[in-house]
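What follows is a pair of complexes built around subunit A, which joins subunit B in one and subunit C in the other.
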Partner chain A sequence: MAIGLISALLFLEGVLNLLTYILRRVLYLIPMLLIITFLVYLGLELMPGDAIDFMASPDTIAMMSPEDLDNLRETLGLNDPFIIRYFKWLGQIFQGNFGYSLSTGVAIKDIVFDRLPATVELATIALIFSSLFGSLLGVLSALKRGSLADNALSIAGMIGVSIPQFFFGLVAILFFALQLHWFPHGGRTLPGYETFLDRLPHLILPSLVMSLTMTAGVMRYARTSMLDSMNKDFIKTARSKGVPEWRVNLVHGLRVAMTPVVVLIGFRLPMLIGGAVVIEQIFQWPGIGSEFIGAVRSQNVPLVMMISLLSVSAVLLASVIVDIVTALLDPRVKLD
Partner chain B sequence: MKKLISLLLVFAMLFSFVACSSTNEKTTEASNSGTNTTVEDTTTESTTETPEKPVADLSDPRVRKAFAYAIDMETLVAGLFEGKAITTNSLTPASDEWSVDGLTDYDYNPELAKQLLEEANWDFDYELDVVYYYGDDQTVDLMVAIQAYLDAVGVKMTFRKIEGDTAAQLWTPPTDPVNGPSAIDWDLAYAGIAALTLHDYYGRFETAASNNSHTPTDEALDKQIEITNTNADLTAQEAAFGEIQKIMNEELYVIPLYNQQLFIYESDRVDRNGIAYGNEQYNYDWGITNWNVEARDGKNVLYTGGAPVEAFPAPFVNPGLDITNKLIFDRLIQANASLTPTDGMLAESYTLSDDGKTLVFEIRDGVKWHDGNEFTAEDVEFTINYMGKVPTLTSIAKNTIKSLAGYEAYMNGEADSISGVVVDGNTVTLTFEMLDPNALVTFSQWPMLPKHLLEDSDPTLAEQNAFWLNPVGTGPFALTEVSFNDFAVFERNEDYFIEGTGNIDTIQMTIGGENEGNIVLNAEAGYVDYAFGKSVPDAKSIEQISNMNVVPVDIRYTRLFYVNKFPQK
Partner chain C sequence: MENTVVKKKRTKLDRKMDKIKALEESGALKKQKKVNRYLRKFMNNKLAVAGVIVFVIILIACFAAPLFTKYDPGTIDVLNRLQPPTKEHILGTDKLGRDVFTRLLYGGQVSIVVGLGSALGAAFIGVTLGCYAGYKGGLLDNLIMRVSELMMSFPRIILVLLLVTIVGQSLSNLLIIFICTGWASMYRMARAQMLSLREEEYVQALKAFGINDFVIAFKHMLPNALGPISVNITLSTAMFILQETALSYLGLGVPLDISTWGNILNAAQDLRILKESYWMWLPVGLTISLFVLSVNFIGDGLRDSTDPTQQG
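So, the complex of A and B:
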């Protein structure tokens, strides 16, 4: 009875510990977010020119009278000093008003919701594919260390990690779209498309390029970390206790080896919201990433800020989740 | 963790401090631009003080001609611009129907340049201050080349990009338009003029022009410009513009460098039926209803670029630059390939009185908006009033509306509408307070908008109106489907009032308009049947694609050196 009560209390304490830990981590996010958004805003401010420079050709702008320019700046709210503009923006965000695109006046909320499905679709496929294959190949390569397969995978991994995504993407377009005509060269949909199957051909090339380059990273991580954990004392102990080899590998070795891999994958989660800037740009994919590039180029401050805020929140949340999952996976990590 | 946060906070505070002080500097600069220039002047004085030489004199035409002779534009065009530009001796391109013959060419002649500089007693120690506002690498390359050419005749120059309020730094006129001194601090300004009418080229050299920072009063020139501004009669305008071109060439008030071309990209699938190519950046009779396209998968689809990213571009700044606006909307008056107003369009006919102060439109019967509503004279009245309050409206259209009787009263709220616009049945009568030489041009470029969809909206936020998510017009093609940042589809308007013999049923747009690398990729993949742009690298790449043709078109776009002929303080 007393033992039961004590263990229940201990369990409760554990849960409470976890909850306070999560709460504390989430509260930490608020100052972090403020600082980062401020720095992004500052970065945009330090770029030469402003949104007006991108609304018409330089010749047109060079001919606009100072009064006209000033009026336009006033309408767009660009005349206030930097600090005031930042706090105005922040105030609006706290009121749930995400603002309007400077160039077209479309509500940023609408733009984000419109682009999000495309980004989520591409990123989900790439994440699942790269995580599964990356871990699998990495672990296999570690277990068969020194074999032909391991060497081949290592070389492929090195190539995958070192070739930039944009180059890989361009080569893929050149061969598979322009030469062989197997897949469309870009875009996500065409008129008349209704189902996912209609869109599938458009999805294959970008998601494959993104998946493959991401797989390489996971694979190399998984291999190193698996090798590392296989040399640990507890593995030797398990072996000496006569635990079957597969159990040593999968239960004892893999569980610990997966921790850094989970960290890597966790930090890739924000891609679901932030988009893959390079891939989306190359494949004319109408997602958050390509929108972000356009917004930065045209100094569309409210849009850049909103997308940054979303991505940064996602990154920070992901880091919290990674910490919690690491704690659950690795018995050595203490919640503190 | 805590350490990290406090560190970041310190950084942020530091940054904000720096940012604050830099914005403060900006505002003081802007508010005391007068004092600012004096500060700069004292510094230049102190450096030029010691030699005690006369300040170089750009008001001497021999000096300006020497610069023109010193620069080998032929070679630069062939090399730097890969032959995709045209050297010019005038702001008006030679192919323009309003250009004049018999102008001096100032072809490359460094010996003559040196001789002229000697004669003019040029101060060879003086360093020319050359400015520009373009951010591209080609501009820098051109500046480096010109620096070398001028150096070869002994003239020193430095160049810099103007940042911030370019207009104020470039065009602030001096208080005394005859003797100066100059209110700006540069010697030569590399710039471009995109002209819809020749007024855009030459109006800025008049004494009274609010942007004439560079050219002291020339009475003969002023007189001719006056004629172009006060005559509705096109032949009188043309004659005066001819005189202006001669004066500008004789005095070389600016150094014209080259004309840019526009490139029309067409696939082999398209047959334009011999319709003349014009300046696609504006509206003219391009006859798209007469174009034929080879069927693909059994459908007569024309592929093009320019699908909207966030919303459809509104036509106030550039009425014809975007293909979407050409498809969706119509104008009251049609223009030909040289952008000269010709027949009525949405107006069955129009008449301009001899004094140019009364313009009467007879509105076409039976025209329908794409949503089925009738297009009426009220729409015309509405559009003119609406445009009057749109802040981004370009100067040509703005001047037309400003010239209407009752514009002031309308703008300051004394009247609900411009009294100079009167509707009577199918007739719209415009009465002008003062003559506007470009009234017909305005109504041949800026489209008519639907009153029933816009009347309750705020014209000062016209560009941000939700109407631009799904624009409705009377034009040859109607928007049927759009996926922003992806594609847009237009179907032929079966009720269109201009009968066409062409077979295009559908126009499908991918994203990637002018100056977007996508246009080349999309063309390579077969998704461009028609598009246009000004980028030389794009044109070069598309030329290489086997089923694509590149048609260069001469347009009124000229790059030049403005010369500051006022003495520096």
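So, the complex of A and C:
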């Protein structure tokens, strides 16, 4: 009875610890986001141009007389002190009003919603493929360490991280699209073809290029992690107990080796967004990345700032989620 | 009879031992011992040595470019535009009739300087801050750590392009942007080294003697962290070269009138050139890959020879 009570209390304490840890990680996001949004707003204010241009839609501005414009300025709070302007702007952001693109006058929110699915589609495939393939090859290479296959994979991985991603993409376009005509060389859909199956041929080449360049990194990491865990004492214990070799490798070694790999995959998100920028440009993939390049080229400051802000927020959010997931997976993670 | 049997049983190991014995007797081993241990380990790594050789060849070819080509990278020759490789132009000519081989060599100068310069600049800032703040700890360390966290939560290329939008496009701006975005990871690496060195007894002893913090951090601790720092500088050089080429390929890096490896590849944005004029982009892309690969092999070799935990 008493023992049951104590163990229940201990369990409760563990849950409580975990909850405070999660809360602390989430609360930690707030100052980071405040600083980043503040910097972004500072950038927007310091850039040449009138702030009203990207706070109100160009259509409304064009229709207005100078007095109305002054009124709008007052209501938008552009005559307020800087700090108040910043918080008003922040309030707008939280309501989903990201401002307007300088070049087309379209609301940035609409641009993002229009472009995001394409990027998510590409990035998800690349993430899944590179994680599975990379950790598989890395673990195999660690188990067969020093063998011909291991050396070949190591060198292949090195080559993989050394070839510029866009050059790899160009070669892929030349061979598979322009010479062999297996896949289209760019774009996402043809007019009139809307289903996923119609889009599939367009998707294969860019997602494959992106996955392969990312696989190399995961593979190298998984190999080191697996080697590390195979040197631990509990592996020797398992072997000396007479546990079959495949079980030692796959059950005991792999489980511990995978935790850092999961963390790495979580932290790949910045690379995923970064990689998508270049890949989308090469394959004329209509995602956030190619929109971003276009915005940088045309000095479309509000759009550049908002896409940067969104990607940083996504990365920060992902890192918090990764922290929480690892805390749930691995009881040895310190909760402080 | 017995003697021959014994001779047949001699294994590979025996022959190796014999070789070592012969070397020892002739005195060759004594000489070898004078060579730095790290250097010897490095030289045993075949891939790293191959990396050094390729690195040096490309470096010499680029920086002694006038010896290898009689053309000027900027000279426009409209009559000879889009020529495939000939004896006159080993790698053909581009859209404006400029010799591609010449541009490859001169472009390498800029790309290598940008890569190496950014890595050294970022290392200088990151290591100086990391060395002192990592040793001292406290508020300064906390503050710099938060700033570096902030910088590292940006996807690298997004941050670089954001800064390009703000400060504009030029060679020196690009160098500054690379240094600004690259110091954070150097800081973390140097700081981590310092944190583990801080607990060493010799540091405690120096502290007890009342030696100046700066002297302890930079004169006594920093030399012990040089291995990981040099590895990091090497690998960062490779990364910055890749970044420069990607940005210039997009037309957002070094201004297009300066030849760099990325700027030459910029021409391949045109699908017709991509398909019909392979000489304008394929050799340059291969050179970049080869150079970055050699730098990465050197970095890996350095790590293996300086870091005992990475062996095997």
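Simple rule for what comes next: the second predicted complex is superposed on the first by the 268 of 336 C-alpha atoms of A that agree within 3 Å, B and C clash if a C-alpha of one lies under 4 Å from a C-alpha of the other, contacts with A are read in each partner's own complex, and residues count from 1 in each chain.
In this text, a contact is a pair of C-beta atoms (placed from the backbone, for glycine too) under 8 Å apart; a residue touches a chain by one contact, two chains touch by 3 or more.
On a predicted model such as this, the values are computed, not experimentally measured, just so you know.
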{"item": "Which superposed partner A:211 touches (first subunit B, second subunit C, both, neither)", "value": "neither"}
{"item": "First, second, both or neither for A:185, with subunit B first and subunit C second", "value": "both"}
{"item": "Which of subunit B and subunit C A:28 touches, first, second, both or neither", "value": "first"}
{"item": "Which of subunit B and subunit C A:161 touches, first, second, both or neither", "value": "second"}
{"item": "Touching partner for A:229 - first (subunit B), second (subunit C), both, neither", "value": "neither"}
{"item": "Partner chain(s) touched by A:308 [first = subunit B, second = subunit C, both, neither]", "value": "second"}
{"item": "First (subunit B), second (subunit C), both or neither touched by A:173", "value": "both"}
{"item": "Footprint overlap on subunit A, where subunit B in one structure and subunit C in the other make contact", "value": "32, 35, 173, 178, 185"}
{"item": "Residue ranges of subunit C in contact with subunit A within the complex", "value": "47, 149-150, 153-159, 161-162, 164-166, 238, 242, 245-246, 249-252, 265, 268, 271, 274-275, 278, 281-282, 285, 288-289, 292-293, 296-297, 300, 312"}
{"item": "Residues on subunit A engaged by subunit B in the complex (per definition of touch)", "value": "28, 31-32, 35, 38-39, 42, 45-46, 48-49, 55-66, 68-69, 71-72, 75, 81-83, 100-101, 103-106, 111, 114-115, 173, 177-178, 184-191, 284, 286, 290-291, 294"}
{"item": "Subunit A - residues contacting subunit C, complex", "value": "32, 35-36, 43, 47, 145-146, 155, 158-159, 161-167, 170-171, 173-174, 178, 185, 227, 269-271, 273-274, 277-278, 281, 292-293, 295-297, 299, 301, 304-305, 307-308, 311-312, 315-316, 319"}
{"item": "Subunit B to subunit A touching residues, read off their complex", "value": "1, 5, 8-9, 12, 15-16, 19-20, 23-24, 27, 133-135, 163, 165-168, 170-171, 191-194, 210-211, 309-311, 317-318, 391-392, 394-395, 460-461, 463-465, 468-469, 481, 483-487, 489, 508, 510-512, 518, 521-522, 524-525, 527"}
